[in-house]
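Each chain gets a letter, A, B and C, in the order it is written, and its residues are counted from 1.
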Amino acid sequence: MQVNENKEFEPLIVAFCCNWCSYAGADLSGTNRLNYPTNVKIIRVPCSCRVNPMFILRAFQRGADGVILCGCHPGDCHYTSGNYFTRRRMTLLFSMLDFLGIERDRTRVEWVSAAEGAKFAATMNEFTEAVKKLGPNRRLEDLRCRKQ
Amino acid sequence: MLKISIDKLDELFEAISASQTLYIPTDREDGAAEYRKYESGMKLSNALNTVRSAKDFFFPQTENLVDFKMEGKNIEVIDIRKESEDFVIFGVRACDARSFTILDKVFLAEPVDSYYKTRREHGTVVTMACTRPSETCFCGVFGIDATAPEGDAACWSDGESFFFEAHNEKGQKFIDSISSLLEDGDTAKLEETREKTRSILKKLPLAGLSTESFGGDRMMEHFNSEKWGELSESCLGCGTCTFVCPTCQCYDIKDFNTGHGIKRFRCWDSCMYSDFTKMAHGNPRLTQLERFRQRFMHKLVYFPANNNGEFGCVGCGRCLSKCPISMNIVKVMKALEVK
Amino acid sequence: MQEAMINRAKQLLADGTVNRVIGWKRGEFVYDVTPAIFETAEELDTEFVYDDFTAANVSKYLVKECKKEGKILAFLKPCDTYSFNQLTKEHRVVRDNVYIIGIPGGPKLDAEKIKAKGITGILGAKNDNGTLVIETLYGEEKMPYYEALSTKCESCKSKKHVVYDELIGEDGDVLDSDRFDMVEKLENMSAQERYDFWREQLSKCIRCNACRNVCPACTCEKCVFDNPDSGVENKAPADSFEENMFHIIRAFHVAGRCTDCGECSRVCPQNIPLHLLNRKFIKDINSLYGNYQAGEDTTSRAPLNDYKTDDCEASIVHERGVE
C-alpha cells in the first residue's frame, strides 16, 4: 500500500500481459502518449495461459491490491488456444476467490490486442479507480510482507 | 483444600485475567475444544481434551527466530527476542502436563533454547484432573495418574466446586492471587469422585498395555522387527499424528523473504514427511516404512534410552482418534510386544 | 456382506487370480478400521472387517499397489469406483493389475459425530431400527442413527458402480442429491459473511496435510507444497494468507478431477468442511461448462483440460451470486 502527496491510498496493481498482444498494446498506448496510472506494474508472459493461479495469489501476498490479466482476444491467441484455457482457469479461480469473500473488483481478465493502445490505457485507468475505491487488500494479505 | 463454587467460575477467570493473560479450553461451534485467550463470557469446555495440545504455548507452531535486513552487501542481524509476558494456562490435563516434562528434557538441556525457556519461566500451568476418561486414554500405562495431575497448581472438580492445590512456588503465587475468591472446603465428595474415576481408569480397554517390552535394551530387536512392513503399509505420511501429539518436538528452520527483509522462522516438522532430514545427498529414510518406524522407535526406544527410561508418549490418545487411517502407537505397541 | 466378501476373496486367492487383497482391518475399538493388505486366507478370517465404520476410500493405495507384481483384489464402494476410474483416466493405475469387486456403499458412520454429542468411552455401537445404541464405559447411550452418518454419506450422489469386474450385492442408481445446498447457502451470503465464515474455518487448519495425502486426486510424486523451489513450500500456516492459499491452491489443483468422495473432510482433525470448496468448483463447472462428473468414464477430457470457443468470460463472476 502506498500513499500519494494527498495522503490518499494508491493501490498497487499487477498486470500480467501476454507478449504478443497485450504487451504490444501497452507499448502502443505509450507511443501514442496515452496516460495510464503509474500504479500498474506490468509482468510480461509469453501467453496469458502461462499465468498459474499461484502467481495471482503470490501477487496479493506480496502487496498487490488488484491483479489484472491481459491476453489476446479468444480466437486470436498467438499459440492458437492458450487463452481459451486462461478463460476457463481464471473464471473458476475468480469464482473461488469470490466464494471465499475476496472482493470481486480486485481481479479481472481483459482481452487487449496489439492495436488497442487506447483500450489498454482506458482499462488500466478504470481498473485502478475500481481498486482504489475498495481500499488496500486486507483479506488476501500476508502480514509479514506488509511494509511497516 | 481451598475451593470455589462452580457458579463462580466466571468471577475466577475475570480475576485471573485482570493481571495476566489467561488461556482456557473452550468449545468451538463444531463441538471440538481448543485453547483460547479468555474473554468475558467464555465458558470452560467440558470436553476431555483439546484437539491441539497445550505444547503450543511453549513451543508454538511457527515462531520467528531472527530477522535480517540487507543493505547492499551488508547484512544486519536483528535480534527480535523479547521476554515473554506472564500468562496462565488453565485446565491442562495430566497427560499434557507430563508432556511439558518431556519437552523440558529436550529444550532446556544444553544448549538451552531461549525462546522456549522464557515462555516456560513466565507460564503458570494450572492442571485439571479428569473425571470422564475416554476409551482412547492410556496415560496410566506411562505412570501418569489422571486423578493427580502435575503442573504448578492442580485443580479438581467434584461437580459442585473446584478445589485447588499448589505444587510449587509459582503455583502458590497463583493461588495467593485468587485467594480472596477461595474458601476452605470439605473434600469428602471430591474423594468419592476421585475413587469413581480411578475405578473407570482401571476398566479402560487400554489399561492393560505394558511398556515392559520397550526401552533402550531391545533396540536392535525392535528395529529389525518384521512387523514394521504391515504396520506402515497404509500410513499416508501426512503428519497429523505429529501435530496433535503433545510430545513431538521436531522442527524445521526456514527463511522467508518478505520483500523488504528476511524472517528466519522455525515451524513444526514431522518425521513422517518425505523431506524430513533431507540433506545434500537426499533423504536417508527413503521409504514410508523407515519414517514410520523412526517415529515410534523414537517414542518407545530412543527417547527412554537417552532419558533414563522416560517414554516419549503420555497416553493422551489423540493419535488414536485423529489419524486418518487409524494407525497409532497402541497398535504398534501391541504388534511389537515381546511376550 | 462381510462373510460374502471374505469368502469370495479367499476363492480368488486360492485359484491364483489375485495374490493379495486390499480391504479394512479391525482395530482396538469398533470404529478404528485401518486400510490393510491381506495375503492369506488366515489373515482374512481373523482381521478383515466390513461394517458401518469402513468409510475409508482405498483407491489411493492402488496407485502404489498396482505397480507391484501380481494382481490385487480391491473392494470398492460406489463412490470409490469413481475415484478409481479417474485414476485410470489419468494413467495413475494399471487397470489390468487390479481385480475390482463392487460392494454396496454406505451409509457409513463417523465416530467423530458420535463423540460430538458428548458420548465418550465408546466400547461398541449397533443400529437398532434407526437408533444407534452405543455401549460406553458410562452406561448405554442412544442417538438417531442418521445423525452419526459421515458428512460425505449425508448427501450421497450415486449408488452406481462405474467400474468393476464383478459385483457382490446389487448395482444402484445415480441419485438426486442435495450436495450443493450448503454451497448455495454460502453463495447467497454477503462477501463479508463468506469471508468471516471461511476465516473461522480455515484458521483452525494445522497444515497436517491429511486432506492432501488421503485425496485420490492428489497423486503427484512431488507435491508443489513439498518442493522448496516452488515458492509455496511451507510446513506451517504462518498466517491467514497461508491458511487460505493452501486450500485455494489444493482445491484448484483437483478442480475437474475431484470425484467428491468426501475423504478430505472426513479425515480433517479440525473438522474443516473442505468438501465445500471442492463442491463449489464442481457446481461452477456444471453450470458454466456442462454437467461433468469426474470418474464417470475414462475417456472424456477434464473440464480444465478442455475448452469451447464460446465459453463465457471471466466477468460472469460479477453477475452471479451475491456480492
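The definition used in the following text is that a residue touches a chain if its C-beta (ideal position, glycine included) is under 8 Å from a C-beta of that chain, and two chains touch if they have at least 3 such contacts.
Note that the structure is predicted; figures quoted are calculated from it, not measured.
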| item | value |
| --- | --- |
| Chain with minimal offset from the mean of all protein Cα atoms | C |
| A-B compared against A-C, more contacting pairs | A-C |
| Centre distance in Å when chain B and chain C are each reduced to the mean of their C-alpha atoms | 30 |
| Gap in Å, rounded to a whole number, between the CA centres of chain B and chain A | 46 |
| Approximate Å spacing (C-alpha centroids) for the pair chain A, chain C | 36 |
| Sequence positions of chain C contacting 2 or more other chains | 238 |
| Numbers and ranges of chain B residues touching at least 2 other chains | 256 |
| Residue numbers of chain A (touch at least two other chains) | 144 |
| Partner chain A, residues of chain C touching it in the complex | 186-187, 191-199, 224, 230-232, 238-242, 244-245, 248-249, 251-252, 255, 277, 280-281, 284-285, 288-289, 303-304, 306-309, 311-318, 320-321, 323 |
| Chain A residues within the chain B interface of the complex | 62-63, 144-145, 147 |
| Of chain B, residues touching chain C in the complex | 28-32, 34, 46, 48, 51-52, 61-62, 132-136, 200, 203-206, 230, 233-234, 236-240, 242-244, 252, 254, 256, 265, 267-269, 273-275, 320-322, 324-328, 330-331 |
| Complex contact set, residues of chain A against chain C | 53-54, 57-58, 60-61, 74-75, 81, 84-85, 87-104, 108-109, 139-144 |
| Interface residues, chain C side, partner chain B - complex | 27-29, 32-37, 56, 61, 111-112, 115-116, 118, 120-123, 136-138, 200, 204, 206-210, 212-214, 226, 228, 234-238, 263, 266-267, 269-271 |
